[in-house]
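Structures incoming, each one as structure tokens.
Note that chain A is present in both complexes that follow, paired respectively with chain B and with chain C.
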Partner chain A sequence: MRKVTTYLILVFTAVLASTAMAASEDATEIMKKSHLAYYYAGNDGLAEVGMTLIDKKGKERSRQFSMLRLDVEEGGNQKYYTYFKKPSDVSRLTFMVHKTSGGNDARWIYVPAVDLVKPISADDKNSSFVGSDFSYEDVSGRHWMEDNHTFVKDSALAGAPVYVIESVPKESYKGFSRKLSYIDKTTLLPMKEEYYDKKGNLIRVFKAEKVEVIDGIATVTVRSMEDVKKGSRTVVSFSSISYNIGIEEDVFTERYLKSPPRKFIK
Partner chain B sequence: MKKRVTEFSIRHPWAVIGIAVVITAFFAMQFPSMKIDTDPQNMLEADEPTRLFHQFAKEEFNLYDFIAVGVVKEPTAFSTDMLNRIYRITSEITELDGIIVEDIMAPSTVDDIKQGPGGSLVIEPLMAGEIETDEQARYILGRINDSPILKGKLASEDGRAIALFIPLESKDVSHSVAGQIREITDRLGGEATYHIAGLPLAEDSFGSEMFVQMAYSAPAALIIIMLLLLMFFRQMKIVVAPMVVAMMSTIWAMGLLILTGNTVHIMSSMIPIFLIPISVLNSIHIISEFHDHYKRYKHKDATIRHSINELFVPMLFTSMTTVAGFVSLALTPIPPVRVFGAFVAFGIVVAWFLSLTINPAIGMLVSSRALRNFGRTDDAHGPLSRVLNTFRNLSGRRNKSIIAAASVVIVVAAVGLTLIEVNDNPVKWFKKSHPIRQADMAMNQHLAGTYMNYLVFESEDPDHMKDPQVLAYMEDFQRELEKEEVVGATTGLTDIVKKVRYELFGADSARAVIPDNQTEVGQMLFLFEMSGGDPDDLFKFVTNDYARANLWVQLKNGDNQQVQRVVDRSEAFLAAHEPPDGISVQWAGLPYINIEWQRQMVTGMRSSLMSSYIVVFLMMTFLFRSIRWGAISMLPLTITIMAIYAFIGYIGKPYDMPVAVLSSLTLGLSIDFAIHFIQRLRTLHARTQSFKEAFHEIFEGAGRAISRNVLVIAIGFVPMMFSSLVPYVTVGSFFLAIMVVSGLVTMLLLPAISATFNKALFPARAQASGKESAPVRGRAA
Partner chain C sequence: MKKIALVVAGLLFSAAPSRGEVSLDGFLQGLYGARLDSHNPTSTEQTASETRMQLRAEHFGDKGEFFGRLDFFWDGADTADYDWELREGYLKFRLGSSFDFKIGRQVLTWGTGDLIFINDVFAKDYRSFFVGRDDQYLKAPQNAIRAEYYHNIGSLAVVWTPRFEPNRLPTGRRLSYYSPMAGDIVGTEMGDEFFFDPPLPEAELKNGEVAARFQRRLGGFASAVYFYRGFYKNPLGMDLDNMVPIYPRLNVYGASIRGAIWGGILWAEGGYFDSRDDRCGEKPNVPNSSITGMVGFERQVATDLTVNGQWQLDYMTDYDQFAAQQPEGVYVRDEVRHLLTSRITKRLNMETITLSGFLFYSPSDEDLYFRFSTEYKYTDEITLALGGNIFDGKYENTEFGQFALNDNVYVKVTYGF
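So, the complex of A and B:
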């Protein structure tokens, strides 16, 4: 009798372990697909971006820029080009990123007032992007292979079914110690992300506020990031979005930093 | 009224004591709900503009009160070992409760703006992790010295000292946070010296230590007073009475203060220390009188009736004048001082009433057997008698010399008064040997300063602070303020713009200037935010709409005089250089608040002292029904106040909060002896119709009681002089000085004046208050 029990327990454990493994693989797979859907929509893209930075007292600052993106390789290297329009004292300022999958990104900034192109060091991906609650990494994406993902449960967010997936960085990471993602089962877009620090406190919350289908591609057109501790919030809205417009790689070079490609940027 | 009260106490001693105990118990029950408030900011009205603006600036720029941790290590603190220790200490500090983690300033938390690979601009932590070589340590010191934002603030230029600034959620956790930091540095600190300083810490620690001091100073004073009384009267049961009166009046006053919802502030914590001597004074007069006449009456009740009868009027007036001194504090614009004045006054009234009831009641309970050896024996050769004889002879024979000497004292004192320096600094409420003072001295010697003031530039227009004209003005202002020696550093938006520009152009000093157009300023600041700079760091110096800017003015010394110099310099600069259109400039910061309440207190105390002086004079004139006697009775008080404050002027002790408040105590106490002396001298004269006889007798009854009072109060508070808190030392010294000076003036000058002008002052048929005299003949007092 005891043998049978032991046997049953063993079998049960094995089954449980294998399903867990399967779930883990599934979780990683979901995160990969989600990453591609969110960061690699189409082969390239163009959008007008409005950013509102709201501090804890409710005071607002805004930024407005045009953004070009080219995927050099699906799920791999990407290039970004940003042309600032507002606030007025930074108009014509441009910013470029060459994202190297699995390596350090290269970033440049062109400062028109002093007519200088300068590299910006990329050591801290966690630092704020133009003073907002989004970090550089939030803008260009954290590679799914950097974290271990576990499937937590199926759930629903605003009536739409989601996967809830927990991600823990493989190497100790300053940005977060644990992240819960709520991935829409249909679009695979992240609808919500909760970031926790090592003490288990919620530190940041990402929300996809609005999703629209553009050129057949489900796109998060309004997104927000809340810094729970600071009490500040940044809302980003995308407009005039177009995909697959044939942006040449040539655009992402120093020459265009100083004079923007008028074909794409008005 | 007095008869009925006294008779009741004599007939129903147990009832009187019982009622008093019940009331006392009721007030004592309020103690657990005591709310303590040690924040000197509350010295100002809650809606005082200075205070409101300080609060506004704190919110607008996310500023917090902070404590500063200083690490001093010879020959250098910039070694691998020390920096790694500080790294670990800092990371443990971030785990503490009550601190603002994001705003900690330490090598591992502050950002360095520098050039990265390929001429890039990088903003990243100065010390991102533990280091491995001393060379890295030296590199970090080099980076600090190359940054106008960090130089002198985070470390001394020679690298011997490092400072960590720990912002607090609220000032009242600073004492406990400092204790926890001390524990961390003890454990991880290694061979260096660690100092913990800062104005909030001094203020909060003073609050906690003050209560500890009070817990033993007040009982210690009571015990010493009791021992001295025992020495004089040699009857324990009698001596207990003044102690009971003192404790009860203190408990009533404190209980009512708590019951009425007032917080116990630094000031009100001193109430017991003020009430004890005041209430003991009355009791000593009664017991002294009782003691000196017991042998004659042989009956307790008769002796008590006699004593109360003899003392009722002087006691009423001494109490009323002291009340007047403290009630006048209600005229000051400082809420805690008003509360203090009101409740001390209440306590004095209670003490007066209890003296008249509890003393007789307890006296009645003492068995006659216990008193068989009680009472004055002929001690004509005892030390007290000898001293009193000396006084009698001096003032009788050298009366003119005494008057001349008093005039000299007045002139010398008048000069001394002009030398008084008004100054205060909560850190200096601790003695030099106290760790907080030590920390303050060490850190301000090595670093740019632990006292933070803020100069706020305001405009209606967003982005106005990016205007190069405004920044240039701000920069000129910085250079001007830095001319004051006490200003260790100034840091502003200007420094960030210049530093970004400097690093952007490859550490070119020529570029470390304010750009000439607003667009460039805007882009430099944008670059700061793009390069990893924490926007929150920026918004300590400017609001995010760029309509207001905040210049950090770091001071090495928090003395109000020094702060005032900086403020004066800024006002002179403003007058000479008009700010750009639409810009206004205003100070904030704890040191600035301190000079504001000091200003209000000095003027407030002046008018309060003046008014109570006049009130007391009117009361004296009324009591003696004579302007002449009224004026004479003011002499001990006038000379005592002048002498004490002149002494303070001559020795250069700053006229600070405790010294200011003590002027009302001085006024209230130093009139007392004069009242007893004159009232009883006139009574004696009316009774005996002989100035000679009255003059002789006054040194027996009143003289004896006054001398006992001088000794008891002066010695009783000597332990306070050994306190580590300066205000306590001051209070103890004041009690001694008030007693000795007003006692001497009363026993020398008043008799000298009476002797000199006795014809005018004591006309043949004096009427005065002769009716107060007891129906006693012979050697009556």
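So, the complex of A and C:
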């Protein structure tokens, strides 16, 4: 009898383990597809970006810039180019990121007023992007392989069905200890993300406020990030979006950092 | 030259393709600075008392683009008058797929150092730097033609400045300086003869400046070699007939490397300063050749806190002859001069507050220069800043020691539009 019990327990745990594994594989697959849909739409992209930073007292600041993106490989390395337009003290400043998946990103800034090209130490991916509630990593994406994903449940957000997936960093991570993502079942875009710290407190909330189909690609055109602890919020809207416009890799070099590609940036 | 630049700018303006509009922006700024030393032999009590408006205009078409930056200001600290300066006014265009040109009045920067310049032999404005003007004013514009050729193996940039453009150094009116002839720190309060305004090299074609850089990537590092032919940017020589400071001839040969490593950015740069008027170190009125090198490292040590450090060595050739030529009783620099620097930058409150400090310290010359500032972006348009410049030195004739009476603090308000 004892043997049978042991046998049953073994079988049971094996079945449990395999279903858990299947679910986590599915969850990983969903997160991968979501990552590709959100961060790798098309082979390249161009957009005018307006950013509103709202502090806890409700005081607003704004940024305006053009952004170019090129996917060197789908789901892998990417290159970003940012040309600031407003406010006046950063106008014409350019910023470039070579994102290496699994490695440290390389970043450069060009300050036209002093003709200065400067690499920026990019150790901390969690540091704020231009003072907003979005981090550098929020802009370019955290690789889905860096977290373990578990399917939590099917749910609905504003009437649209979503997958709810929990992600826990494989290695201890400063950005969050646990993240809940609400992934739209049709577009696979993240509609909401909740970030928790190691004490289980909610620290940040991401929301896709508006989704539009552009060149046949579902795109989050208005997104927001709320810093729960600081009480601040950043709303980012994308306009004049175009995909697959044939941005050459050459654009993401010092030459163009100093002299914006006017074909794309007005 | 100012007039020519304006005319050229005007022509470009009208000749540029009509597609696209001229975009206009800029800022309005008030800067007020007070000195901390009452015994300074300068004629002014304030180190800055100015209102400035900078207008920036940009226009681009299919063939090229124009950019202009024009400053109008009321300067109450120096001569109390209105003035203006064309900070930049250039045409930028591309020839074929590999040549980029930038022609006109422009600021130029290259090299790897943070406020240490070895192969960057372009004009600096220390008069602005020492009194709290924005960082952009450290670079004085040059009227130049810049051509850069891009190739798979690297890029070659050549800058020709037909008329030599010197560094802008303290004149004695607002900031005092050390005069070797007087053997003392001097300023215009002691007499107009102490107004520092050395004559430039003759405006001849052979007296132009040529600077070149070849740059390429080596793995994850950006490497470059440099060449310069022109004059010392500071008037380090002496015309013995007229007893006035002059700009001796200079060539610079150098190299640099910079890249990301150890979670930060590491850089190293070196150069050989070839004093063409005195290659053997025989003339007491011309500086000796020197070899100089530096290493630096910067990293973000905590969220929004960045720290860097640099160490520079400057080795003077034919030092024994130099030492023997020095007058009695004055401090004589060491054969090797060391300079250590460190910058700390902390951003707070969603990057609306920036605290920064920069220290230059030479253990061999025993002098230092410390600059600090607090900047608060009250709104996207309005920025308030408080800062200061502190100099100290054991001797009066060292690089920073000579400015020991120029300590100042300033307040600055900027409205951007």
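Definition applied: the second predicted complex is superposed on the first by the 252 of 266 C-alpha atoms of A that agree within 3 Å, B and C clash if a C-alpha of one lies under 4 Å from a C-alpha of the other, contacts with A are read in each partner's own complex, and residues count from 1 in each chain.
The definition used in the following text is that a residue touches a chain if its C-beta (ideal position, glycine included) is under 8 Å from a C-beta of that chain, and two chains touch if they have at least 3 such contacts.
This one's a predicted model, so the numbers in the text were calculated from it and none came from an experiment.
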When chain B and chain C are modelled together on chain A, clash or fit: clash
Touched chain A residues, chain B compared with chain C: C
Touching partner for A:S62 - first (chain B), second (chain C), both, neither: second
Chain B versus chain C as contact partner of A:E171, first or second or both or neither: neither
First, second, both or neither for A:K266, with chain B first and chain C second: second
Touched partner set for A:N104, first chain B, second chain C, both or neither: second
Touching partner for A:S127 - first (chain B), second (chain C), both, neither: both
Which superposed partner A:E73 touches (first chain B, second chain C, both, neither): neither
Superposed model, chain C segment overlapping chain B, candidates 5-13, 149-157, 311-319 or 383-391: 383-391
Those residues of chain A which chain B touches in one complex and chain C touches in the other: 53, 55, 61, 87, 89, 113-114, 116, 119-121, 123-124, 127-128, 130-131, 230
Of chain B, residues touching chain A in the complex: 59, 102, 116-124, 463, 466, 504-505, 515, 517-524, 526-527, 529-536, 538-539, 543-545
Residue ranges of chain A in contact with chain B within the complex: 53, 55, 57, 59, 61, 87, 89-90, 93, 95, 109, 111-114, 116, 118-121, 123-124, 127-128, 130-131, 229-230
Residues on chain A engaged by chain C in the complex (per definition of touch): 53, 55, 61-62, 86-89, 91-92, 104, 106, 113-117, 119-124, 126-128, 130-132, 230, 232, 254-255, 259, 262, 266
Of chain C, residues touching chain A in the complex: 20, 25-27, 56, 58, 60, 65, 69, 92, 100, 106-109, 135-136, 138-139, 148, 150, 155, 215, 220, 222, 258-260, 263-265, 298-300, 303-304, 306, 347, 349-352, 377, 379-381, 383, 414, 416-417
